[in-house]
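Right, one structure below, let's go through it.
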Amino acid sequence: METHQAKRVEITIEAPMERRLTDALQNAGVQGYTITPVVGGSGRSGVWSREGQVGRAGGMVQVICIIRPERLDALLDAAFSVVDRHMGVVCITDCQVLRAERF
Amino acid sequence: METHQAKRVEITIEAPMERRLTDALQNAGVQGYTITPVVGGSGRSGVWSREGQVGRAGGMVQVICIIRPERLDALLDAAFSVVDRHMGVVCITDCQVLRAERF
Amino acid sequence: METHQAKRVEITIEAPMERRLTDALQNAGVQGYTITPVVGGSGRSGVWSREGQVGRAGGMVQVICIIRPERLDALLDAAFSVVDRHMGVVCITDCQVLRAERF
Amino acid sequence: MDGILALAADNLISPIILSFALGVFAALARSDLTVPEAAAKALSIYLLFAIGFKGGVSVADHGIDGTLALSLIAGLILSGALPLLAFFLLKILTKLDTTNAAAVAGHYGSISIVTFVAGTSVLQNAGISSEGYMVAVAAVMEAPAILSALWLVSRGAKNTDMDSALLREILLNGSIVLLVGAFFIGLITGAEGLARIESFIVAPFQGVLCLFLLDMGLVAGRGLRRSRSVLKLGALAFGIIMPLCGAMVGLGAGLAIGLSLGGVVLLMVLSASASYIAVPAAMRVALPEADPAIYLTLSLGVTFPFNLTIGIPIYLAIATAVIGAS
Amino acid sequence: MDGILALAADNLISPIILSFALGVFAALARSDLTVPEAAAKALSIYLLFAIGFKGGVSVADHGIDGTLALSLIAGLILSGALPLLAFFLLKILTKLDTTNAAAVAGHYGSISIVTFVAGTSVLQNAGISSEGYMVAVAAVMEAPAILSALWLVSRGAKNTDMDSALLREILLNGSIVLLVGAFFIGLITGAEGLARIESFIVAPFQGVLCLFLLDMGLVAGRGLRRSRSVLKLGALAFGIIMPLCGAMVGLGAGLAIGLSLGGVVLLMVLSASASYIAVPAAMRVALPEADPAIYLTLSLGVTFPFNLTIGIPIYLAIATAVIGAS
Amino acid sequence: MDGILALAADNLISPIILSFALGVFAALARSDLTVPEAAAKALSIYLLFAIGFKGGVSVADHGIDGTLALSLIAGLILSGALPLLAFFLLKILTKLDTTNAAAVAGHYGSISIVTFVAGTSVLQNAGISSEGYMVAVAAVMEAPAILSALWLVSRGAKNTDMDSALLREILLNGSIVLLVGAFFIGLITGAEGLARIESFIVAPFQGVLCLFLLDMGLVAGRGLRRSRSVLKLGALAFGIIMPLCGAMVGLGAGLAIGLSLGGVVLLMVLSASASYIAVPAAMRVALPEADPAIYLTLSLGVTFPFNLTIGIPIYLAIATAVIGAS
C-alpha cells in the first residue's frame, strides 16, 4: 500500500485554551485535527486529575494534527503563539499516511 | 533494556465503523489493539464534538495497533478495506517495543 | 522554530497498576507524564471494553512520557519493573519537542 | 380554534420547550455550556426505560385490544413508505443528489422518541387517553425506514454498504432493545411493578425531560451554527412541509385502523417526527457519502423544534376536528 | 413450601430481575445497548450511599444491640474462612491451578452489595425486619477474603505482589469508604437526616436499582459471551454449589450469634454472594497471573444471577424453617 | 446566642456537611473513591437548573419588588469591589506577588453557588424567607470580579491575556447561562411550571446536594493533600478573615438597599463565598503565570468549608442581631 511522508504533531494543552489553539490552527490554514481527552498528569506544576472536577480549569486535552512536512513550520508558529506562556507540551513525530491527498 | 523495531498504526475512524474495523483486523491476524476515545475534531467535513451527543453517529475513536514491521502491509490492507469510503485517518510511525515476543 | 530531539514513551497498562507506575516513574526522576483514557482493546487475553464497568479492574490507561533521550533507560527500567508480570505495552518513538528546557 | 391556540401557547411556555430554547440559545451564543456525553446517554436510557415500561404497564392494565396487531403493521408500513414520500418532496423542493435525498428520507420515515413523549404529555395535559402500545408502534417504526432509504439508493445503481451485520445492528440497536425490553418488563410486572418504581420513572419524568431537552437544544443549536450554509431555503421548507404531510398520512392510517383520538394523534406525531439517533448511525455505515450536516440539521434543527412547538398542537387540532366530525 | 415458590416467582418477575435479564439478553444478542462507564459508576455511588445511610439511620433508630460487635466479628471470620471452603471445593470440582483457584476463592469470601440489597428488598416485601447494622457487616466482609486468597497462593510458595500499598488500597477502597462513611452519616443524623434526603435515597431507590441491574446484565452477558470457552462444567457447578454452601455457613454463624430471622437471612446472602468490584481490582495487582475471565464470569455471570433469582428465596425458606423449628 | 450555637451544631451534623467531610477524609486517606467527571458535571447542571428555576418561580409568585434592580446593582458593585479588599488583605497577610494576589482576589469577589444554596437551606430550616431574585444577584456577581482582578494586574504594568473572546467567555460561561436561563424559565412558567417538575427539582434536591458535596470534598481534599506546601499561615488566615470581612460589606450593602433579613443573609453569604469554577478557568487563560494550587486550595479547601460549617450561622446571627436591633 502506498504511503506518504507526513508529520504528526501532538499538542497537550490546558482545556480552557483549547478553542484558542484550534482557532489559531484554523487561521494558520490547518483544517484537520483530532481532539482526545486527558484524564490526568504530572509536570513541574504538580500532579492533577480530572476526576470529580466540574470546571474546565484543572484539565488538559490533546490536539493531534497530521500534516505535510512542508506545512509544519506554519503550524508550529501558530501553536507556539498560543502555548507560549501556558502549560503545554508540543511533540512532533515523523509518520506515514495513506491517502496523502487529504492532508 | 533491549528494544525491538515495530510499527505503531493509529487509525482515527468513525465510531459506527469501529466494530467493522476491529473485525477486519482480527481477520487479518491482528490480535492486539487498543481503542482510545476522541472528543472532537475538524476535517474537510467540518468541526464536530461529542459533547451532549447520544448516538454514536457523530463521533470517532482511535484504534492503535503495534505490530512487527513485516506484518504492516496485511494490517494496512485490512484497515484500508474498511476506511476506504469512510472518514478516517491512518498514521504509521516507527517505534521500539519491549517484550517483542508479544507482537 | 527550533526543535529538540526527545523520546515519546507510551505505556498502556491496567488501570489498577496506574498509581504504581506513576510512583515508579517519579522515583526514577520522571516528573512529567500525561495520562489518557482507553475504552477497550484486544490482546492475548481477549477482547475487553470499559462500557458499563463500575470497578477499575477491567480497564487500562495510557501513560505518555516525553523525555530527553539520555534518560530513556532509567524510565524503561522503572516502567519495566511495574509492567513486568502485568499486561501492558511499552512503545517508544523518536520525536521532536519545542522548549527543550522543560524536559 | 381558540382552544388550539391556547393549547399551543400553553405548550410553548412549558418548562420543557423553554429548556430546549435555552439550549439552542446557549449554543448559538457560543456559551461553553455543555452536557457531558455520558450524562446525555444516561438521560436517554432513563427516558427510554420509563417510556417503554409505562407503555407496557398501560397495556397490562387495559388489555390488548384488537387494533394492536393492526397498529404494529401500520407502523411498519408507514416507516417503510414515508421515505418514498419524503424522497419525492426532496426532489421537488431541493437540489439534493440521490444519495443525500435518500439519507434524509430515511430519517423522516423513522421516528423521534422525544417528540413522541412530547405528544403524550400534550395529550395528558388535555386529558385525552391513548393506547399504551403506541410505544411498541414507535419501536417498530425505527428500522424499516432505513431499508427504504437504502433501496432508494441502490435503485439508482449506487453502491450501499448494506450487509447482514448492518441489518442486525439496525434491528438490535440499543434504543429499540431498551424500549421494547422495558415495554415487556412493564407488561409482565404490571401495576404492581409500576408501584415499586413509580417514584423513579413517573414523578421526576418531566423534570428529567427538561434537562434532556436542554441538551438536545445545545446539540441542535451547535448543528445550526455549523451548518447554516448547507441549509438552503428548499431544504428548510422540506423540514416543515414533510412533518405536516407525514402527519396527514398518519392520520389516514390511524383512522383506517380505528385508533382512539389519542392514538391517532400519536400515530400522526410518529409519522411527522424524524430520527436523529438510530438512523444517522446506520447512514454513516451504509451511505458514507451522504453528508451528515444535511440530515442532522434538518431532523434535529428544523423538524424537531417545529413538531415540539407548533406541530403537535396542530396535529391534535386536526385529529379532534376530523374525529369529532366523523 | 407454596409460600416459597410464590415468593420465588414473585421475585423472578420483579422489574429488577427482569432488567438484569434484559441486559443479559441485549449483550448476548450483540445489541449495541450500553450504559456509559461514568453513568454506571454514578449509579453505584448512589446505591452505596443510600444503602449505607439507611443502615446507619436504622441503627440510630433501634439502638445498638449486643449482637452488633459479634456480627462484625462473625463477618470478619466468615470473609476470611469462606475462601478456604471455596478453594477446597474448586480443587474437587475443577482443574484450576492454585493461582486461579485462590483468586476465585477470594471473590467468594467477599460480598456483592447488590445481592445484599436484593436480599433486603425480598425481606421487605415479605414484611420481615432485619438489623440495620448488617450493612456494616457487609462492609467488613469485603476485604479479609483478599488476604485469605493471597495466603492460599503464598502457601504454595508462589509469588504474590502483596505489599503495604495494596493493603491500604484494599482497606480504603472506594466502595468500603463510601458504604461505611454513609453508614456513619446516617447514624449521626438519624431520622431527622433521613427526612431531609428521603425523597432522594428511599423513594427512587428501586427504580435506580433497575437501571443498575440492566447495566450489570449487560456486563455479565458480555462476559458470558466472551468467556464461554473458559467455563467448564465443573466451574459452573462450583458457581452454584458454593453459594449454597456459603449460605449454610452463614446460617450457622447467624444462629450462633443470635441474629433475628431477617439478620440471619442477610448473613446467609452475604456469605453466598461473590465480589465483582473490589476483589477483581486487587487480584489484578496482586495475582496478575490469574485469569480475570474465570473469576469475573463465575462471580458475575453465574453466582450473581443464581443468588438474585432462586438463591435468596431458598435462603429465606431455609432460615424460616430452621428458626421456626428451633 | 444559644440559638446560634444550636443552629451551628444543627448545621454541622446535616447530611450535606457530613458528606463533604466524608469526601475530604477519603481524599486525605488516599482512598480511590472518586466521582466520575461526567457525573460531577451532571450534578452541577442539575443544581444550577433547580436553583435558577426555583428563584424564577419565587419571583413570579411574589412579584418583583422595588429592590430587585438595586440588588442587582449592589451585586455588580460588590463583585467588582471585593477583589480590591481581598487584594489589600492579601498584601498585608501574605507574601504573594501581584499576579497571584490578584488571581486569588478575583475568586473572592465572585461567588460559590453551592455556598449560596447552603445559605438558603439554613434559612429554610430556620423558617426565614428571602427574595427569590437573590439567585439573579448571584449570577451577576460571577463575572465582574474577574475584570477587577485583571485590572489589578494590568495596573502593575503586567501583561494579561484579556481580550474580547475572554470577555464573551466570562459573560456566557455555562454556569451563568444555565442559572439565568433557568431563572427565566421559572419566571415565565411560574407555579404551574413548578408543579410539573417539582418532584424532580424540589424533592430530591437535598439528596443530590449530598452527593455533590461528597465530590467537592474529594476534590478539596485532593487539593489540600497536594498543595499543603503552598499554604502558608498567612494565606490560611486570609481564607478565613476574608469571608468574614466580605460578609460585613455584604451586610452593609443589604441593609442599605433594604433587603429582608433572609435577603441580607444571602447577600452576606454571596459576598463571603469564593468561586472555584468560573474564575479559575478565566484565570488559566488570562493570568497563566498565577499558580492554580494557591487560588483553588484557598477557595475550595479553606473558605468553602469555613462558610459551610460556621460561616453561614455566624452571618445569620449577626444579621439577626443587627436587624432586630435597628
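A few points about this structure:
Order of writing sets the chain letters: A, B, C, D, E and F. Residues in each chain are counted from 1.
The definition used in the following text is that a residue touches a chain if its C-beta (ideal position, glycine included) is under 8 Å from a C-beta of that chain, and two chains touch if they have at least 3 such contacts.
Keep in mind it's a predicted model, so treat the numbers as computed, not measured.
Least step count on the touch graph, chain C to chain D: 2. Fewest steps needed to get from chain B to chain D, stepping only to touching chains, is 1. Chain centres computed from CA atoms place E at the largest separation from chain A.
Across the assembly, the mean Cα position most removed from that of chain C is the one of D. Chain B has its Cα centroid 18 Å from the Cα centroid of chain A. A straight line joining the Cα centres of chain D and chain F is 41 Å long.
Annotation for chain E: residues 32, 34-39, 41-42, 199, 203-204 touch two or more other chains.
For chain B, residues touching at least two other chains, in rising order: 36-37, 47, 49, 56, 93-94.
In this structure, the chains touch in the following pairs: A-B, A-C, A-F, B-C, B-D, C-E, D-E, D-F, E-F.
Contact residues of chain B toward chain A in the complex are 10, 12, 36-44, 47, 49, 60, 62, 73, 76-77, 80, 83, 89-94. Interface residues of chain D facing chain B in the complex, by the touch rule stated above, are 34-37, 40-41, 44, 161, 165, 215, 218-219, 222, 226-227, 276-278, 280-285, 288-289, 291-293, 296. Interface residues of chain F facing chain D in the complex, by the touch rule stated above, are 36-39, 41-42, 45-46, 49, 53, 168-169, 172-175, 177-178, 181-182, 184-185, 188-189, 193, 196-201, 203-204. By the touch criterion stated above, chain F contacts chain E in their complex at residues 13-15, 18-19, 22, 25-26, 29-39, 42, 199, 203-208, 210-211, 214. For chain B in complex with chain D, the touching residues are 14, 16-17, 19-20, 45-47, 49-58, 85-87.
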